[in-house]
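Would you mind keeping the following structure in view while I ask a few things?
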Amino acid sequence: MTSSRPALRMRDISKQFPGVRALSGVSLTVRFGTVHAIVGENGAGKSTLMKILSGTYQPTAGSIEIDGAEVRMHNPADGQKLGIRMVHQELNLVPDLTVAENVFLGRMPTRRGMLDRGEMVRNAARVLKELGTVIDPNCRLGDLTISQQQLVEIAKAYAAAPRIIVLDEPTSSLSEHEAGILFGVLRKMRDAGIAIIYISHRLREVLDIADEVTVLRDGAMIETRPVAGITAADMIRLMVGRDVSDLFPKAEAVIGSPVLEVENLSDGEHFAGVSFDVRAGEIVGLTGLVGAGRTEVARAIFGLSKRTAGTIRMRGQTVAPKSPADAMRAGIAYVPEDRKGDGIVPGMSVRENIGLPIIRSLTRMGWIKDSDEKQLAKHYAKRFSIVPPDPERRISTLSGGNQQKAVLAKWLAAKPALLILDEPTRGVDVGAKSDIHAIVGELVAEGIAVLMISSELPEVLAVCDRVVVMHEGNAAKPLMRDELSEEKIMALATGEGVQ
Amino acid sequence: MNALSFALRYRVGFILLATLLLASILVPGFFSLVTLGLGLDRAATMGLIAIGLTVLLISGQIDLSGGAVFAVSGIVSIILQPTLGIGLAALVGVLTGAAAGMINGWLVVRLGINSLVATLASMLAFRSIAHWITESQPVSGIDMMFSLAISEIYLEIFTLRSALFLVAIILLHFWLVYTVPGRNLFAVGSSAMAAEASGINSNRIFFSGFVFASTLAGVAGVLQALTMNTGSPVFGSDLTVMVIAAVVVGGTRIEGGRGSALGTLGGILTIASLTTAMEFQSVPAYIQQIVAGCILMLLVVLDRTIRTRPLTGPEVPASR
Amino acid sequence: MTIVSEVARQPEPADRFSRANRTLEIFARGGLPFIIVAVMVFGALSSPVFLTTGNFLNVLTSMSIVGIVVVAMTYVLVVGGLADLSVPATIACGAILSLALQPTFGTGGAFAVAVLVAGATGLINGLLIGYARVNAIIVTLGMGTIILGIVQALVGGVIVYGADASSGDFVKSRLFGIPMVVIIFIVVAIIGHLILSRTFWGRWTTATGGNYSAAEASAVPVRAVKAGAFVFTGIASGISGGLLGLTLQAARPMVGTGYEFSAITAVVVGGVSIIGGFGSVPRAIAGLIFVQLLTNVMVLQGVRTPVQGLALGILIAGAVASDLALRRRGVVS
Amino acid sequence: KTVCYVTAADSHAYATPANKALEARAAELGITILSLSQNFDAQTGTDQLNTCIARRVDGIILWPLDPQAYIPGLARAKQANIPSILINSPMAEQANAFIKSFTGPDVYEEGKMAADSLSKALNNEGAVVIIAGQAGNGTTIGRVGGFTDRLKEAGSKIEVLDTVNADFDQQKALVASRDLITRFGDKITGVYSNDDTMARGFIDAWKEANPGKPTPPIVGINGQKDAFESIRSGEMYSTIVQSPVEDGKLAINTMNDILSGKDVGARLPIPLTVVTKENVESVEPAF
């Protein structure tokens, strides 16, 4: 395989943003017909490197060769002309167009000067089917769930029949099932001679699909190696610079009385008759396939979206939160799945973000007590080892993992009795993931109840005491820790399991 | 439920129907061809500007300078008449509009100024230029008979302007729905970043949008100046706001990504027939204002309910 | 929990995260004051009367009425409410009612009622924008038309005169040589600034403008906060209108024409983002001062009105563009 | 008979009483008035003329806001055999072919009268500022033109320091006056304001800048109640009374004459009276 022609060569690429040197002297060679993985911690510079390759950013220094010829790209259109397509980490789709229009955005087919809608819809439907999904190509994109949108994003790159395809964390919001189909497609593309660059924090996937792996750390290239003969532990050592032993530590905690009891909760649309409870010191997992309605359940409990039936009890008291403020008063905290959209206020500092939910308790007669707020932020920055440790930095300049820690901190500052975590480790690097698990472990040890939504089965299996599996808006009876297995969860999630 | 959502989707049509119905009851002979023709002619000036603005709003930009460009173009087309003749002067007037659009586009695309701010500034500047070149006096053209000729009514109902407007709006409809650039316009307005990442040159679209909008404002201004045989620096000062209202009433979203030509037609016709009907009743201008304001509010509130209806769930993050 | 320390990494290499270019940062933050100083130097050199107390008092007095609206408009922009176009109508409301109601309620009472009614208008705007989530431009435009229509219908277009000429004396009086309107403006500005920068309400306002959903998910009462900004502009325009009425002792429905544009211009020239989530009252006031001084210098130079408009348009675009460029380069965004 | 009345606005200090007077008189004469308000937008007015023609009214009374813009419309009215007259404001000469008459104050004459009055107050020398109405507005053009032409004609030594537009708005006049006072200070020995509202703005600015100091002679136009007060108290030198009621009545009376087949004069002015301290008690204010 290494004998094939290099599809691209990036030499000594550096990129300077105001205040951040994202890349310094990174070189990368990828051959046609191979899958090349790039791994590294949050903020290591993976996305930046790929955005340079696809023409979104221009490098501060360095050169790029595509198929042997040196090129200079000024915008994504230039990259696309060279046959480079990128699936962005953040969804890059147009919510107001249809799925088909999105798939063919920038290169819609025409007939006699007019848009050939029939052709476009047929092709889109075909591509989506090859990716193993049934999304109506005429549906408005904005009406899809994130994971469906993620699939459309992949379909868009795939449909363009590129020579080089870059996938930046494509599976972060896909279920294992969908990821499996994607891998099948990727293998087919590889065998057809396409160069594939694959970025993921899920090292298992890297081992599964990649031929070669390049490790980035702090904007510098550490090493490129064939995947054959490398282990996850090796990769982590290269990424972090030292060993990280237990990836999914299970914290031991004393399980107490029920904190949250949900009975027959319905919203008349996404889920119906959901019942479960979470006890003090317990981590209850909420899992299922994409679109099963987990996020909706969490948002309903937190007062962010409507409920039509059912009761919620917190510490024995019936509550009916109509807004997050109500929910917070009842002792509920919610770390949302969409960090960028619902989690952070990008223009504010880490301190201001952490203080936001409880800002009123940091005031005297409406006046914010600066020192209290600073102290709070410092405390959590230290406790969660947020990097860089300066709480005055604008939160949008932090890497994803560190943003996630700040969001977690923000809600812990509210001293909740129940913490709902929606995909808390999505798109977060191994180190930060381990940090987050450790923090959750500490919390349950302090007696907090945790409801954790996660699509990553290994994570669910490792940290949860009980697991509720949802399938198309219905929740099965919780599985106890000793009866947990991937097979059992998958069976329930796909609707084949018997209650 | 379905009937309701149908009614909500085509709300402009319904409001227009209701207005026409009311008008026909209140105003004797409202449906006579002459009256309709006049109403249409009145709608045409606003309509031409509205066409440009529909395109701009869909692309996610806004242009407040339309009224000022309208005045400047009209003035140019009048004061150049003695030297260039009517036809050529009119052409230069329209080109002036295009040039103004280039300035707007340059401010927004090159300098990166928010379009609301940029066109606020250019509106001030263009309006001042209009006052400057005319010394704040209205200017008149060389041939009044030409004015009469150009506002001639054909086929009992169309004037040159209103025919132009109707043709333009139909072309716009096809362009928006059935061509690739039309679809790209929606893409850019809905998410410029995503469009850019798909190889669409959003800056070029924005720039062309501004040029298009100002050119149409120029056309409207020139036609108006020719029919009145006058160019004046104060013309068109209330126009922009009215036109924005009409476009938005037609269902075009002010944040971009959504809109339609037929909606704009509906919005324009509603406002035109409303004013005509109320005027026929000698309703004082301030009452007309109250009614127009209420209708505007009613439509946008309806718009809001229809849009929140299917989206009870969380707003989809990618749409931000 | 030992794992935390086990995986805790060394802080990233210090040189990777540097502060942005210092000088640029200073320019980015202080760009406008710098430009203002430049205008003042130019004014002082070009006109002998520019640096007189009288002239400064003039500029201050002229900007005070619109300044009160500017303070409130800052909130509207910061909260992500685009703009309040109903200002002219609410100003008219304030001016006309504070004069017309004098016989019934007395000077103070009429003023209070006028401000309350203006505030109520703002509340309707706020409810529609914050709670029904209708586009702010359209709501305020529509409300403005309706209110102005009602006001015109009420007074029938005739000028309303003050019932008691002495009721304007307080507004025209001076404290330590400073006109009362200026003092009122400064008080409003200070209160507005402190609330926006130092209280929880201000924090909520910035957060709501910065990321609506995130603020909502952080237990911020986003709807109320958004509505609040419009109530504030309603009240501020009411005060402005009332002061205007008392100063002039006469009011017409059109008194407020153009104030919305002046206010928005000042706020955006001050570099407050129209998208929301960023901005402060001092910035907006700096924008106001810039525009006012510029106009003043031009007037003192005898520049003709049309040319003034042209220059103003160009300078606004220029100021905003350079502010943007500096900020883009100076501070990580 | 039905007469179309295209008025400047229906909510305005001067226009409202004029409209009322016109309509009241029309009712007496048994004429139906179809009143259309341009709301100060000439473009609306040109469209409204077309509406009037389409409704085949018997006559048109137009309050022009622009000296030319209505000419094609008036020509069309003439083609349709509908007689038109102008009220209040003049139009360009080309319009004369299409109108039967122009009734209303002679704004150019007003400018001249103001010039005479101010010359008298200043003994033909000094330096004055002009606070003009809206740029491009026919009334403004006439009132400023008449004033400056008259000064030139009379070979007056009065110098015009500056002319500023304050759009007939008191607040704008106040702001503009502050700047004028700062700029010229004591050089200002007289003021001509295109209307009394703006004169009020100057007075306020003057009192602000020079508390206790008497105002220079100020000449206004319109003859508003508060201007009368100011003349009494000496803050203003004179104003010119132009009655909106007369204005409205004269127009409809003239139209009535035309409709009943009588010949009417091409220019029918309404009486104008210069009011100073001498006669302020004997004259009725306009509004």
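All chains are identified by letter, namely A, B, C and D, in their written order; residue positions are counted from 1 within each chain.
Here is the rule we use: a contact is a pair of C-beta atoms (placed from the backbone, for glycine too) under 8 Å apart; a residue touches a chain by one contact, two chains touch by 3 or more.
Composition by chain, UniProt nomenclature: A = Sugar ABC transporter ATP-binding protein; B, C = ABC transporter permease.
This one's a predicted model, so the numbers in the text were calculated from it and none came from an experiment.
Touching chain A and chain B (ABC transporter permease) at once are the following chains: C. More C-beta pairs touch across one of C-D and B-C than the other; that pair is B-C. Greatest centre-to-centre distance from chain C (ABC transporter permease) is found for A, with centres as Cα means.
As a whole-number value, the distance joining the C-alpha centres of chain B (ABC transporter permease) and chain D reads 34 Å. Chain B (ABC transporter permease) and chain C (ABC transporter permease) have centres, each the mean of its CA atoms, that are 29 Å apart. In this assembly, the C-alpha centroid of chain A lies 41 Å from the C-alpha centroid of chain C (ABC transporter permease).
Contact with two or more other chains is made by residues 131, 136, 233, 284, 286, 314-315, 317, 320 of chain B (ABC transporter permease). Residues of chain C (ABC transporter permease) in contact with at least two other chains: 152, 157, 213, 253, 305-306. Each of the following residues of chain D touches two or more other chains: 9-11, 135, 165.
All chain pairs in contact, by the document's touch criterion: A-B, A-C, B-C, B-D, C-D.
Across the interface of their complex, chain C (ABC transporter permease) is touched by residues 9-13, 15-17, 135, 162, 164-165, 169-171, 174-176, 178-179, 182-183, 185, 197, 200-201, 204, 207-209, 224-226, 287 of chain D. Residues of chain A that touch chain B (ABC transporter permease) in their complex: 56, 75-77, 80, 86, 88, 91-97, 101, 105-108, 110, 113-115, 117, 141-146, 149, 156, 267, 269-270, 295-296, 299, 304-306, 338, 340-342. Contact residues of chain A toward chain C (ABC transporter permease) in the complex are 17-21, 43, 218-219, 240-241, 244-246, 249, 251, 302, 304, 323-325, 327-328, 334, 336, 341-348, 352, 355-357, 359-360, 362-363, 366-368, 385, 387-389, 394, 396-397, 410, 414, 431, 434-435, 437-439, 441-442, 445. Remark: chain B (ABC transporter permease) residues 107, 111-114, 116-118, 120-132, 136, 233, 241, 244-245, 248, 253-255, 284, 286-290, 292-294, 296-297, 300-301, 303-304, 308, 314-315, 317, 320 touch chain C (ABC transporter permease) in the complex. Within the complex formed with chain A, the chain B (ABC transporter permease) residues making contact are 178-180, 182-184, 186-187, 189-191, 193-201, 257-258, 310-320.
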